[in-house]
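Some notes on the structure that comes next.
Chain IDs A, B, C and D follow the sequence of writing; residue 1 opens each chain.
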Amino acid sequence: MAGSSFGTMFRITTWGETHGAGVGVVIDGCPAGLELSREDIQKYLDRRRPGQSRYTTQRKEGDQVEILSGVFEGKTTGTPISLAVYNHDQRSKDYSNIKDLYRPGHADYTYDAKYGFRDYRGGGRSSGRETIGRVAAGAVAAKVLETLGIRISAYAKAIAGIEIDPDAFDEQEIFHNPFYMPDAKAAAKVKEYADQMIKEMDSVGGIIECVIQGVNPGVGDPVFDKLSADLGKAVLSIGSIKGFEIGDGFRVAEARGSENNDEFMEKDGKIVKRTNHSGGVLGGISDGSPIIFRAAVKPTPSIAREQHTADRFGKEVPIEIKGRHDPMIVPRAVVVVESMAAVTLLDAVLRGLGSTMDNLKKIYE
Amino acid sequence: MAGSSFGTMFRITTWGETHGAGVGVVIDGCPAGLELSREDIQKYLDRRRPGQSRYTTQRKEGDQVEILSGVFEGKTTGTPISLAVYNHDQRSKDYSNIKDLYRPGHADYTYDAKYGFRDYRGGGRSSGRETIGRVAAGAVAAKVLETLGIRISAYAKAIAGIEIDPDAFDEQEIFHNPFYMPDAKAAAKVKEYADQMIKEMDSVGGIIECVIQGVNPGVGDPVFDKLSADLGKAVLSIGSIKGFEIGDGFRVAEARGSENNDEFMEKDGKIVKRTNHSGGVLGGISDGSPIIFRAAVKPTPSIAREQHTADRFGKEVPIEIKGRHDPMIVPRAVVVVESMAAVTLLDAVLRGLGSTMDNLKKIYE
Amino acid sequence: MAGSSFGTMFRITTWGETHGAGVGVVIDGCPAGLELSREDIQKYLDRRRPGQSRYTTQRKEGDQVEILSGVFEGKTTGTPISLAVYNHDQRSKDYSNIKDLYRPGHADYTYDAKYGFRDYRGGGRSSGRETIGRVAAGAVAAKVLETLGIRISAYAKAIAGIEIDPDAFDEQEIFHNPFYMPDAKAAAKVKEYADQMIKEMDSVGGIIECVIQGVNPGVGDPVFDKLSADLGKAVLSIGSIKGFEIGDGFRVAEARGSENNDEFMEKDGKIVKRTNHSGGVLGGISDGSPIIFRAAVKPTPSIAREQHTADRFGKEVPIEIKGRHDPMIVPRAVVVVESMAAVTLLDAVLRGLGSTMDNLKKIYE
Amino acid sequence: MAGSSFGTMFRITTWGETHGAGVGVVIDGCPAGLELSREDIQKYLDRRRPGQSRYTTQRKEGDQVEILSGVFEGKTTGTPISLAVYNHDQRSKDYSNIKDLYRPGHADYTYDAKYGFRDYRGGGRSSGRETIGRVAAGAVAAKVLETLGIRISAYAKAIAGIEIDPDAFDEQEIFHNPFYMPDAKAAAKVKEYADQMIKEMDSVGGIIECVIQGVNPGVGDPVFDKLSADLGKAVLSIGSIKGFEIGDGFRVAEARGSENNDEFMEKDGKIVKRTNHSGGVLGGISDGSPIIFRAAVKPTPSIAREQHTADRFGKEVPIEIKGRHDPMIVPRAVVVVESMAAVTLLDAVLRGLGSTMDNLKKIYE
């Protein structure tokens, strides 16, 4: 099982390699009657496009999405939405130098171990281009969620140890710097550090934070399909993510119960929590507070400086990875995290529609 | 969908509440021909049993497992293995004081929000007893994995900020202190702190680490069903886990690519990694190094000191949670983490059997 | 994968062998708030109980169901409903005579081929007792469907070639003869034939018909998960069913389009079909007409007269299957067919709740 | 859930409507290392192509398949194989006459009931073009199965009541007449009848039979995922199939146990069955005999003669369906049945790889 599908009721299946004909996604289970245009999807893809700044790859990729099915007269029909981004730049290139090498930090070796061989061109299926399908699907999911009043926002919380100042948080700023940081000062420091990294032919990691607002209490399942667990899987399935935490996350390890428990209170006739250490999920089910989680992103493994590695015959060899590579993965991964959150949340909402006899009767009358 | 199943080929389905007739699990897809006895499972359950020390609940629960199906003449038959632990202590108790209250840090409110009402006795389905089915299934999975040379070991890495000293790591020690810590000195400090917590009627969190040895390279799927993502979901689905990280985890956020990349080298005719920042998984697939991950466990939400909360009518009320409660969740969660790791890994191994035409032909000749 | 689960949103997982501790089912995804008692389930089980007449096995099996979880104060909680029927008659019996034999028409040989060995006592997992879990789950599904105005009725349409007279159809009669035939005259003829079969130590097959009334148009999915395909799988998964047809079924092979097409018309402000050749499903989706399907049931393979077969060493040997066996499977399979129809239909209803944006908004407001 | 995926380990997801950009399929889980070319797939698609004779639609559709991913240097890589057939003839056409009408025997009404509206152009997702993805995937599955020595052959067994003569069965003949009948005389009679149907502006149904040779005993799962049940679902999910039977099928309803049981015997050191009433499956698991099943295909619902129907406002109106339509569905459905059988069987083979500890160890050493 190649594991290229995600979700149960809103189910996405991605396909495609860096250097094949293209990449894409089939979305099965999108409710009928959603207004959907190519632009709705394209604007999400543009956020992960390379070449937006010198801190992300300079290759021009275009990445124009096409809707191949599932939309009729501007509305989703309820049948599969097939989205594709064709590769236009398919110049045959010389890969003989890396064909037999195992690049450190990449999946070259593990693909060979699993499949016996691999498509060695540009990372094949484990390339960053694989996320195009995720983002295209995320754009659709986010549009459905918006109609329910749910809004998702991800951003870089820290890059190379430079953190945003929570007091200076400015949501508008996210789209005004190449790092998707909601704090202009922190972004300026990152810029300086990144310039240094480029000179040193090295790369840096960071932390992406995501906030989901407007989720009613009661979304998510207890036991295995906890909303927190599904969000965790969704985010950890993105290449180069090495950690996930929700609410106070790893800080709970040093907290006391009396500090970590969120008290319930009444506000405007509703029951709400006084604090949000839980990050919006209790027992796997949304509790009405904003859902907040973070992901740890590793530094770009492709670096220009010389490294050592082995080839597939076991011979140890030096390796220099040519070409322009992003000195950091974080900025382009922000929209991928946001997209996976949207896909996960919509699936949880749809799965929960029949949780009670009352809901069931409300629709099936 | 109540979300009570986990896995695709080795699929477990758990059932049961704290105060019902019992709890249990149905394991579907266990290979036929595994020698399996009640004792194989009981010894895992005994590790999560309460009443082992004053740092875990003093209630005597027995927790004797029964094999109801799927084993014949001491061997698994390939058909579902149904395991049950019946509740013998079902004294009717007075819950009128918490029936309408939303305990802070618990899932009372979210269950009501999702289902319209809840079984308010002792946490119902979101109680710690829900993990009995996971551990029973984990015992079976671990036994299958052992025959393949795969060994899983979890332990408390830190409690209340008191960390084990990596240089003092002693695997034998894990089973010699009530905290499952592989470092006697750290355990002694935790003991002292825990005594203090009991006095203060409070609780503490911690970090569980898990190491999986002996996994061949090539296990796990790329894209959504990455081994790291599946382990993440498995662990995050355990109640009170708020964070998951693999390999260097959140530390990668401050690392450089040149530091974080693991170089490949040749050793004894095999390709291995010189370091293991990746935690044994590259691109979602095992890379032959030990798989290492950590989970952040929140402090027990049930604390004896007075807290404030709301009842289901929105009225704010004080709450004191009576009875003996664990001052920490970590010790009893260690075996749960280990069990979920076993279930996840075995499922990944089984799912990967047909990854290549060569494998397919090897079995189907 | 042992294949012991069925359904996506209303998901059932059965377990148990004839001669183990018992048989049972875990139902995951039943909406919360359904009133459910042990009796609701028991009355379905009683319909498949052996010993009801001389035409079904005379063994006394009791088959008392126990609700182990998922029901609180008489209502389903939304969490897994675990149901068990324990085997009380577990006398150790001598199976040495059939242990190594492959009974004709049974799964002895195929289990050995698949798993390397088998639980040879009484058919193990492929025994008729396996259907207890299906019927228990069907009782729950049927109760949910009833609240939506959906009613399912199965009966014997033909046994040994003796068909009911459609003009004499009498629903009340179904429960008044041991064959579950809605026609007393046909039942009388079957009785005579069955007596003859018992004398001749042989067995007979038949046809079960099932009618589902009150299904709104719009239930079921196009493409692979057509309602007709899911019903087909559900019914064909019952042991000894060799054929399934919906509406006119195999008769369409000789029909003309002009005869087989159902015209649409208006009636009481609703669009309805003038005829129902389609059997209530068009393009995989319910069309508002009654859903009608039939299943072909093979004769009981266990017959008392001497047969020839091989043992597992390849030696050809005569075989006489001792003990009382039903001279026909049809009567006891009627409720199994009805149950699988209920489970399938409820799953389809639940899966369809989010088919449109309007429905989604109606619940998630 | 739109239900556009099929299979667990070899999982196919189809997309596309008649009048959109194209149709296609994503195949996830194909073992790596299979030699696969565009031609391997095209030759299957050519068998379902319209315009092959006057008995199937005269529209020229081309139907050229493109491999968009998953194949590298002529071999499958183990990652998703995305296959697309683009629609080149997308002339805008006037559908105003059928836009609001519910064609008898079509899914127009049920799509509207489910989704609130529909893509009314040429049947949308419920058109025969939907099967292109199935056939493309079937070609890949069949190629994998061939390497294991498994061969699948489907053909028309009867059209309009004209049956093939079993004694005249000639496999070569299947490809020599436009009806895919393995009996030239029967085909000649069908030709005559079909000419009559075209004159009478009517259509006819028939029966497709499929034989799978070379399947080892032990493939398929007991209980719900019986091989017979999965084949049944696969075939019943094809538009216009109204019945499925395996082995003796509906004939078992009139058979006696002593006739229907297949005796086991020894032949060349192997255990085999003397007869094959079971159709190659016992207890849901292959028994080593050829697997034989049949499907009932309804007459083409689109007929040129006038019919009566209702429009979506409930008004009753006459309808004449213009354009050339196949007077029978059977010939083009033959390869679809064969394809679904291949997909189902390969999935069952892959799911069964880890059925025993011995198999598990054989691969994972």
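Keep in mind that, in the parts below, contacts are C-beta pairs under 8 Å (C-beta built on N, C-alpha and C of every residue); 3 or more make two chains touch, one makes a residue touch a chain.
Which chain is which protein? Per UniProt: A, B, C, D = Chorismate synthase.
Here the structure is a predicted model, which is why all the values come from computation and not from measurement.
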Farthest-lying chain, centroid of Cα atoms versus that of chain C: A
Pair joined by more contacting C-beta pairs (B-D or A-D): A-D
Between chain D and chain A, distance of the C-alpha-averaged centres to the nearest whole Å: 38
Between chain D and chain C, distance of the C-alpha-averaged centres to the nearest whole Å: 26
Rounded Å distance between chain B and chain D, as computed from the means of their C-alpha atoms: 45
Of all residues in chain D, the ones touching two or more other chains: 1-5, 8-9, 14, 29, 32-33, 78-79, 114-116, 125, 216, 222-223, 351, 355-356, 358
Complex interface listing, chain C residues touching chain B: 1-5, 8-9, 11, 13-17, 20-24, 26, 28-30, 32-33, 66-70, 72, 75, 77-82, 84, 114-119, 124-125
Residues of chain B touching chain D in the complex: 8-9, 29, 31-34, 78-79, 144, 147-148, 216, 222-223, 349-351, 353-364
Chain B contact footprint on chain A (complex, rising order): 1-6, 8, 14, 102, 104-107, 109-111, 113-116, 125-126, 130, 158, 160-161, 197, 202-207, 216-226, 228-230, 232-234, 236-237, 239, 242-266, 269-271, 278-279, 281-288, 296-303, 305, 307-310, 312, 314-316, 351-352, 355-356, 358
